[in-house]
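Next come two complexes, and both contain chain A; in the first it sits with chain B, in the second with chain C.
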Partner chain A sequence: MRFLGACILVLLSTTVGASGKEAFKYPPPDLGPDYVAPHTSMPEITHEIPPIVDVAILVIALTLASYVALKKRSRTGTWLLCVASLAYFGFYRQGCVCPIGAIQSVAEAIFNPAAAISLAVIVFFILPLMFTLFFGRTFCAAVCPLGAMQEVVLIRPLRLPKWLTCALGLLPCVYLALAVLFAATGSAYVICRYDPFIALFRLNGPAGMLILGASFLVISMFVGRPYCRFLCPYGLLLGWASKLSWKRVTITPDECIKCRLCENSCPYGAITTPNADTLPDDRKIGAITLVCMLVVAPLAIAASAWIMVRTAPSMAKMHPTVRLAERIVREDAREVSDTTDASQAFRESGRPTKELAAEAAEIRDNVTQGSGWAGAFIGLVIALRLISLATRRTREDYQADRASCVACGRCYEFCPVNPRNRAPQDGGDG
Partner chain B sequence: MAYAAPDNKWSAAWRQATLGTAVVAGAFTLFVTIVMARSWRINAESNPTNHPELAALRDKLAVDSTSGKIVDEIREKDLLLRREFFRTWRILDTGAWLLLVGAGVFAGSAALAISARKKPPMPAAPPGGDDLRAGLLGRMGIGAAAIALTLAALAIPILTREVSTRSQAKGLWSGFRGPGSSGISPYTNVPLTFDGVEGVNIAWKVVVPLKGQSSPSVWDNRVFITGANKKTREVYCFDALSGRITWRKSITAGPGSTKVPKGVMEDDTTYAAPTPVIDTENKRIYVMFANGDVACLDVFGKIVWQVHLGTPDNFYGHAASPVLWKNSLFIQLDQGSADDKLSALIALNADTGKELWRTPRPVGSSWPTPIIAPVASGDQIITCANPFVISYNPADGKELWRVDCLDGDGGPSPIYAAGMVFATNVSSKIAAIRPDGKGDVTKTHVQWTFDEDLPDTCSPLSDGKLVWMMSEGEFSCLDAKTGKRLWHKDFEASFYSSPAMAGDRIYLISRKGKVYVVGTGRELKELSRAVLGEGCDTSPAFAEGRMYIRGKTHLYCIEEQGQ
Partner chain C sequence: MDKTQDKLTRRNFLRTTTRGVCAAGLGALALTAARGKGVSMRRMVWQIDPTKCTACGNCATHCVLTESAVKCAHDFSKCGRCNFCFGYYKSGSSGAKSHAGVEFQLCPTHAFVRKHVVEDSYEYTIDIDKCTGCGICVKGCKEGNGSLFLQVDQDRCMNCNECTIATACPAQAFVRRPADDPYWLQQRPEAKS
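Showing the complex of A and B:
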């Protein structure tokens, strides 16, 4: 079945991908001031898929994913849908629009009323969150093209140690904080700019991004969904939503018989084991640890905010206006002998340098202020994680962790209680 | 989940087939990757937008825009590069699809091969450990990540600083003749006239404790100069607002420092002729004296390091200022005669003062300060000394090219403007040199020469279109492209101070302290005259609204009254 899926993927990508190939823009040769470049014309847009089609396909895909994962409990169905989503949202639509990048549009629209945002982007941002609140992370399971890309190449998953997953698990919150900060201040859409898979979807891009994408794919062969687990900012939001979800994937459709067959089935480390027998009788150590973490929490928030404010001047350079203002200063100081397109355009506009400097100063102030809030957010997440790790909860059976389970359905195949697994055994097929 | 039974013949065949497919697909993917990597390299190298040969040709065209031959050369080269560029581009385009197919087949067949070998899960020993230990490990991981993120955040300001901040300039007058050693001020709002005797447009003037010909270097609210006599060498930091000395530091770099250099003209070159150079980003000041002492100080006057390079055997006294480039401090230590083989260009590590490299020079004593020329093919150090203009690679000190065009005792420093090096000396000529050659380019890369009214001490000045130079009172303006003299004027005075430009004005300061301000146009236009009030042999420094001039005994801050 996987082979069939791979074939579908390749066929779809080769047939539809070519039409969306990015045109290479090449500057005319510099042959001196007397040379007149010939007039070039812009080709007509040959096709454009209306956003409503994308939204409709997203709704269908989310519905199917939820149905297949929760109702049918079919790993094969989930995997096929995963491949189809990769083909459409990944290679055909070239990874855009996607809910992950939509975070930035929404953030910018919230903090900058003048920023335009399309309804489709809002829907793409909200729909997966809504589905997650009802059915768990089924978007991650079979709809997200980035997740699908990693899912299909996972060959031999390795189990990562607890300390490493906890450490890397902080990165999504840092990435989310920075992405919102840069988008809210109009600096950059970093999630889109540094999307490791976008260059692969488009079969084109800067060498650095292609290498980054290829590296992620190679890592994904041995580490389950490294981008989703250790970078994806939207995954963090979905994880929080999933904690509150009405229904979600369960390993067993019935009562867990604690056979332990599923224990190592999850490549994402999302299965929690029973701990009722291992909880210590003396809860004193746990209580002390918890108190310590509660004391550390405000310190972590304050320290994180302070560190981010310190880095704000450097982060402000992400904004094109700040970069231009700094460039103009360097050019005026004759520190550099050439000009950039932006600086040239600025000079031709006749706009006063002081006005540009004032605008840049205002942006720097905004970035500094935003950095403080972003730092506080990161500190808060760190504090909550520390508190969570110091808190004991009794677990009676094997469960899929609410936040980290991506509903891939691998564990179904190991559960003897699952009717799909029982049938062949009853038939004596082994 | 279908698990392969070990004794199943079909399963074994299936496994073998999928494994074989994975190996073939893997090899194919690797091959395509290698071909694409090679094509990518060629593609990057043949990009006409940043190709060094094309850039050099464009530089040529900028100098001589009428040359049809250069235009033809550019077109021919451009066409060749474009062909190669788009040929490799097509390979990359096709390769991307092949890579996708190869990688897809590899991943699919490898997954199938592995699943064909998969065995049913066998529960091992019951899960060990407890939540306490897991929580502890998790907290340790979060702690480690927090520390790593903190370090990364603190490193961001260092990593994102501009590369060139280590060099001179930054818009400040941080070394001899300011940004790019050009003598051109980034600030244009400086007074047109002033009077040091009557105090007109003089913000302050203060006595400099020890003599020196070093010019001021300015950073923020600090002005640095040096002074010395036979026994003492000092660095002064003046408060730019009040003129008072914030700190002064005596330099004695080693046992050899006490040796008095022979031949120093105490009232002419002095023992403190080299101008301090400032590393604004790292807050360091580098100074040198005629006895061979070189020192690095922080902004508070604390010595970071100091070295003694040996007592220079220079018959007027060492005068070349140190020059900063990235992490290297360059000293043009020319001494003795050419036959003595004592001269060298020395690069010191700016952080430690340790010698990075030393390149012997085939010249005798000289006095010009070297410059860093940002040539299209890479930065070059340009040096002048009888009889050569020599260019070196600042990274390793290897000679790039030389021109035999100088004669006599060389005082003027070279300049770099509009892609050309302009070098001159009183007994020879002024030469416009294209800096894209290799080896001896005397016959091939000298665009033009002019040999009348040449400077003895003053360095030339150029805005890229015109070149100005001051001889013994005779001030000339040449066309930068042709070398044709457009005008000249005899100011009937003697000059050591190099001309300096601020906006559309050129400031000329005579040895007696008379200041002449002329326009920068193709016609001579004298704009004003000013008086310093005492003799002056140094070059002015500029800051926002201000000009700093070191006279024989005072340091002047000149600023429009009311500002």
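Showing the complex of A and C:
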């Protein structure tokens, strides 16, 4: 390495010396043959874990989590794995890159082929989704460091009213739409910017991030997994995948005896109660509601897309180039007398203002177009949620809701039915 | 149970089919993301493009680490070995140069080591552990040959998915580079020839 560095330096000095001595204001002096220039410091990465090892550990953790949650049906096992993941992915690996943040890297790579991305990041994004398609949200249960953090501090879960969880449950789709929009246009990685626990994992960071983390931690003591349920955009994707899962968490290892013991065991409100015995609402009213919802659906999509397109100009300001272009326009119009670091840097670079304006205009177009799609997506998710609220599905027994169950395994311990440790049944009616 | 068995099968069939479609879709998504020119087998790390860097000072204050991962580096092949180094001395302190004490040094943490080589030539090295990455010396050296530059010390960088300094960089000088070639100096075209 030292030899290589020396070679580079020699090459550098010879080529520079030959091609442009006059390029230097103060030409490097001839220091004699005995003089050896020191090396430019280029510290090597000593703490790097090869991406392949990271991916391997993720696969092992996901396999273990699925095995412990579905096959062993062990709450203790899930808890231990959860703590181990928190220690490794959280405090040791210090959070980056995680599948949640990988959403943005993948989105950017899809929309901008020139964006630099590591293959490992794509694998990190895909793997938990694939596992969830087959085994439910076992990633959330015991692999995700953010989930683990909230899991371990939960001491006294409060039961939130259903309307509140339902309304807050729509936030992840807004967050996902915005995160993909900002990442795809190269504006910002908002998920990483507002990551709740990264500053705690590093025990270091800007004050804002630390305060955010601390407040999430306090809320997590009384509300089960507030980030996972009401913000996490990856959790939304996993919830959808989980609806299709091959195996799933079943509260009871055998047939449900409807003893109601598990009813209050889930701090995440993911247990659905049987409704076969309750009287259904009037069919006619139900049908009318459903028709209304179906009519509302396209309206909701259109309205949400319209709102997003209307806010696009202000969202485009998330991109530094757009901000800079606007600043330059204002400075040129003498609306402001001072300059910013960015505008100064731009003027020093000697780039033509027109070029910058064109680039900013293109980004604005992209954001406007993207926000239309993002708005339509948000509208669609809201419409589907409304439609699902208007339909009734008969449930015979106590079940873990496919989408919102994070496979933590608390309910296992409440079920009096034996034999325990029986293999999970194939996904039944959801 | 028998009554619902058929219904279950149908729903399960639909579910299995959709699952297959989704798995294929995810695979397609991964391939789309992996098609680009920017995809690397290696980890990607952050680095500063010194040709864009304006040494604004944000590197010292905006890193998630208390001690910034950005450090000053010295390209000795460009250094003029000046006696009156613009990166070492405060401007206007030229009168007192021959016996300059710390009060005339530009570096707020006195991270520079000045060594006499021959005649009027001096060698300037940086004590990385003292350097805060503030870039004051880099700004000073822009008056000279510009041999001082800021770079991300890869052994310190946490390699955040979104670099907080990059978001605060007025010149958009932060770029991602593959981890096996993380430093700008090695990458310069002259070095490759």
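One rule holds in what follows: the second predicted complex is superposed on the first by the 357 of 430 C-alpha atoms of A that agree within 3 Å, B and C clash if a C-alpha of one lies under 4 Å from a C-alpha of the other, contacts with A are read in each partner's own complex, and residues count from 1 in each chain.
We take it that contacts are C-beta pairs under 8 Å (C-beta built on N, C-alpha and C of every residue); 3 or more make two chains touch, one makes a residue touch a chain.
Everything numeric here is computed off the predicted structure, so don't read it as measured data.
Novice: Given the touch rule stated above, what does A:T321 touch, chain B (first), chain C (second), both, or neither?
Specialist: Only chain C; A:T321 stays clear of chain B.
Novice: State whether A:W163 touches chain B only (first), chain C only (second), both chains, or neither.
Specialist: After superposition on chain A, A:W163 lies in contact with chain B alone.
Novice: Looking at the overlay, does A:V97 come into contact with chain B only (first), chain C only (second), both, or neither?
Specialist: Only chain C; A:V97 stays clear of chain B.
Novice: Taking the superposition on A as described, I'd like to know which of chain B and chain C A:N204 touches: first, second, both or neither.
Specialist: After superposition on chain A, A:N204 lies in contact with both partners, chain B and chain C.
Novice: Where does A:E263 make contact in the superposed view: on chain B (first), on chain C (second), on both, or on neither?
Specialist: A:E263: touches chain B, not chain C.
Novice: With the two complexes superposed on chain A, say which partner A:A115 touches: chain B (first), chain C (second), both, or neither.
Specialist: second
Novice: For A:I155 in the superposed arrangement: first (chain B), second (chain C), both or neither?
Specialist: The answer is first: A:I155 touches chain B but not chain C.
Novice: Is A:G286 in contact with chain B, with chain C, with both, or with neither (first, second, both, neither)?
Specialist: first
Novice: After overlaying the two complexes on chain A, where does the chain B footprint on chain A coincide with the chain C footprint?
Specialist: Comparing the two interfaces on chain A, one with chain B and one with chain C, the shared residues are 9, 13, 24, 27, 29, 31-32, 204, 430.
Novice: Note which residues of chain A are touching chain B in the complex, please.
Specialist: My answer: residues 2-3, 5-7, 9-10, 13-14, 17, 21, 24, 27, 29-33, 152-156, 161-168, 170-171, 174, 200, 203-204, 207, 217, 221, 259-265, 273, 275, 278-280, 285-286, 289, 293, 300, 303, 307-308, 310-311, 313-315, 317, 329-330, 332-337, 378, 382, 385-386, 389-390, 392, 413-414, 421, 430.
Novice: Which part of chain B faces chain A closely enough to touch in the complex?
Specialist: Touching chain A: residues 1, 5, 18, 40, 44, 48-49, 58, 61, 65, 71, 74-75, 78, 82, 89, 93, 96-97, 100-101, 103-105, 107-112, 114-115, 121, 123, 126-127, 129-132, 134-135, 137-142, 144-146, 148-150, 153-154, 156-157, 160, 162, 164, 169-172, 179-180, 182, 184, 186, 374 of chain B.
Novice: Can you list the chain C residues touching chain A in their complex?
Specialist: The contact residues of chain C facing chain A are 4, 7-8, 11-12, 15-16, 18-19, 22-23, 26-27, 29-30, 32-45, 52, 54, 56, 58, 64-66, 71, 73-82, 117-121, 123, 125-126, 128, 144-145, 151, 153-156, 158-162, 164, 167, 170-172, 175-179, 182-183, 185-186, 188, 190-191, 193.
Novice: Where on chain A does chain C make contact in their complex?
Specialist: The contact residues of chain A facing chain C are 8-9, 11-13, 15-16, 24-29, 31-32, 35, 37-48, 51, 94, 96-98, 101-102, 104-106, 109-110, 112-123, 125-126, 129-130, 133-134, 188-189, 192-193, 198-199, 202, 204-206, 209, 241, 244-246, 320-321, 340-342, 344-346, 348-349, 396, 426-430.
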